[in-house]
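First chain A sits with chain B, and in the next complex the same chain sits with chain C.
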Partner chain A sequence: MSQRGRDQRGRDQGDQNTRLLNPLVAAGIGWATLVALVLVGLFGLWGAPPDKVQGDAQRLMYLHVPTAWLAYLAFFVTAVASALYLWPRTRARVWDRLAGVSAEVGVIFTALTLVLGSLWGRAVWGVWWAWDARLVTTAVLFFLYLGYLALRRVSGDPATGAKRNAIAALIAFIDVPIVHFSVNWWRTLHQQATVFNPALNPEIHGVMAATLWLGVLAFTLLYVFLVDRRYRLAALEDGLDDRELDRAIAARVGEVQTTGVS
Partner chain B sequence: MAAVLCVGAIGALLLLGLRGNIVYFRTVSEAVKTRTTEGTHRFRLAGAVVPGSISQTSGGVRFELTDGKKTVTVDHAGDPPDLFKARAPVVCEGRWGSGLTFVSDRILIKHGSEYTPPKVKIRPSASGA
Partner chain C sequence: MSLAGEVMLVAGKDLRIEARARVTVSQVLPFGAIVLLLFAFALDPDRGRLAAVAPGLFWVAVLLAALLAIGRSFGIEQQNGARDGLRLSGIDGAAVFLGKTVAIGVQLLALEVVLGLGVAALYGVDVTSVPVLILAGLAATAGLAATGTLFGVLAAGLRTRETLLPLLLLPVITPVMLGATRAFESGLGGDASQAWPWIALLGLFAVLYLSVGVLAFGPLWEDT
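Let's look at the complex of A and B:
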């Protein structure tokens, strides 16, 4: 790769900053996440009453619903960042990196959603898994974004790769609304949405609803915290790659010109 | 162009693959309507357990399942799940036996999206009690 091409790749617009958030803000979010998660634990296990039908098994909702919401949010951020990368006027390396970072967090939360849902299903339905539309589309979501993350690791020209990845992210996002509305479009074993139901009329007891909202808040904070940390790591890794490339080029140039290049 | 092709292929696969399989269960009325043409084909049947109809059999339980319009007898082999009880909404997997008896070997509890602690009414109905 030529020196000019490398410069374009390494010093894209807006890439001087390796941080998404101000360090103080990030630390504040970290502490708020910790407090909120502890509160969810306390309310989820003791504060909220057991469900009339499901008993204590229903408490899994306080984790299962927030992790699912987080997966949606993470993939939405990936889609928006990918669109911003594809749009020539806003194209910047920060969007490509954010898309990848958010998808990584999203895949972890999708996996958590599936595992927690499986435990809840075993306790209430009586089975670990059912081939209904909600469960299958969620599994598809997991594998779609796993594929997207694999695609991001394919080597080649970074600029072309980033465009290809962005298009893939937009295609994968089609599944998110399908997952959400699957329980309304098709008959499923999975129950319909409690909070974001079509009538927007949650049928959930007060303390339970409050605990659920607390869970959504806690996991949203956790998402922001994780994305910020992972983004910084990704940016520093890219910086390291660039520096090693610089060094390799300098060494090669030094071999050719006896005067050397610093 | 490639993206359009990909989306089209995914959509076609989804539609072809899911056609007919996407309905996870049938209601009692639907199943009764297709009783004669169904034969011994396996399917899932959903309804509520009729109170007072549950009885133990040598290999499991027998109960009546209703959707409010039609009622069938379910002959289930094996232990029902923990949350199985009168009025519980359930999905049974199996096939038609003799007459309007459904021979089931798996019961799933289908719970709703309402959550409430015991003895609390979320929305008291406007008409009272």
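Let's look at the complex of A and C:
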């Protein structure tokens, strides 16, 4: 085996770490996600009784609340991974990738939360959108992380790019509480919240609460599953450029050698 | 050299470039003014509607002009290897951040004064509390300049910086937009006492992002 061949193999081995989770664990989570989602569908559509006030429209809650939870979880993971990347002792490519992957999943599910909320709002409030504090905060959150993803997409030198992305993620993250606070203040100074007023919000019990918790569990599993898959894809994408270049160079060198010998 | 000296040096450099090239005065300011006219076209100017929403329109105009000023602040570093020169000068990253923030802040304040007079003249607003307007304007400008400088350097040197900067900056400064508009509503015909919580929020935002900038600007400035 040539020196170059051995180098190549060594590098491939070093870059084999394209998985976040053990394949067996990942497969288990995949199946568990599927089962949990099917159960949420069954309970959400048939198992749980219709709401006394809102009727069947309330069933959207079994998806809406879990998607919102998933989005917050995803952005939290992005922030933690970014901080770990910036901390010199824990700086590793895995945190940068995880931050980006998690933010992608988070943005998609923030959009889903907004769409589901909008559908529910049309059915219950009669409008697609209301300037409620939570709605506005969620919309701002969506754009905050959309900007972060746009920044990530601009390619450059990987190391400086990763540091820049990590700082941007943290800047976005510390903005979330201030946005939440200011929007809340803005909407409540003029009018008291009616729909989300805790005193008016009925407690939920029994099958409805169980379905909701099942939804949260199912979407948490879904989050882990999606992040794992997307991470693998991102790692393979990163490896593709390097490997293709190496392969092309190797082929070219071989070509030159064979023609040189003859 | 002390930190304050370095800050003034960087701010002085940026402002001197502006004084000679006059891009803010001859391009950004007229842009802000024409935005004020556009609002009058978009809304009905006859029924006092403009006066009612003047605070919001004023800050939207300032914000749009600020995006241009921030882009310009990092545009001047791209030419003639100015960025490398500044990096080689041995000035601390924190001082570069604060200096550029001061320079952008001074330009924004000048913009706000002119646009504010324009709003007062064109939209017919009543001023009830000048101190509220001044304090809210100063606090909002500090927050705007700090976040702008931070995202300016984040986007600097990237191929799509012109389009990336607004997308990154606008969601982050939602609280500034809300706080400044509400405070100005109180100072322009409203109850002035209601402005103080918002001014406090603007101050908090400014302090927070000035601190983040002092910490984060160095690594961004050295690497990218």
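Basically, the second predicted complex is superposed on the first by the 200 of 262 C-alpha atoms of A that agree within 3 Å, B and C clash if a C-alpha of one lies under 4 Å from a C-alpha of the other, contacts with A are read in each partner's own complex, and residues count from 1 in each chain.
Everything that follows uses one rule, which is that a contact is a pair of C-beta atoms (placed from the backbone, for glycine too) under 8 Å apart; a residue touches a chain by one contact, two chains touch by 3 or more.
Model, not experiment: these values are computed from the prediction.
Visitor: First (chain B), second (chain C), both or neither: which does A:174 touch?
Guide: Once the two structures are laid over each other on A, A:174 reaches both partners.
Visitor: Thinking of the overlay built on chain A, is A:143 touched by chain B (first), by chain C (second), by both, or by neither?
Guide: second
Visitor: In the overlaid three-chain picture, which partner chain does A:132 touch, first (chain B) or second (chain C), both, or neither?
Guide: first
Visitor: Identify the partner contact of A:151: answer first if only chain B is touched, second if only chain C is, both if each is, neither if none is.
Guide: second
Visitor: Looking at A:186 after the superposition, I want to know if it touches chain B, chain C, both of them or none. Which is it: first, second, both, neither?
Guide: After superposition on chain A, A:186 lies in contact with both partners, chain B and chain C.
Visitor: Now for A:220: first (chain B), second (chain C), both, or neither, which partner does it touch?
Guide: In the superposed model, A:220 contacts neither chain B nor chain C.
Visitor: Of the partners chain B and chain C, which touch A:18 in the superposed model: first, second, both, neither?
Guide: The answer is neither, since A:18 touches no partner chain.
Visitor: Would you please give the residues of chain A that touch chain B in one complex and also touch chain C in the other complex?
Guide: 167, 170-171, 174, 186, 189
Visitor: If you look only at chain A, which of its residues touch chain B in the complex?
Guide: The touching residues are 49-54, 58, 61, 124-127, 130-133, 167, 170-171, 174, 186-189, 191-194, 197, 203-205, 207-208.
Visitor: Chain A touches which residues of chain C in the complex?
Guide: 150-151, 154-155, 157-160, 164, 167-168, 170-172, 174-175, 178-179, 182, 194, 197, 201, 204-205, 208, 212, 216, 219-220, 223-224
Visitor: Looking at the complex, which residues from chain B come into contact with chain A?
Guide: Touch residues, chain B against chain A: 3, 6-7, 10, 18, 21-25, 81-83, 91, 106-120, 122-123.
Visitor: Under the definition above, what is the set of chain A residues touching chain C in their complex?
Guide: 140, 143-144, 146-148, 150-151, 154, 156, 159-160, 163-164, 167-168, 170-172, 174-175, 178-179, 181-183, 185-186, 189
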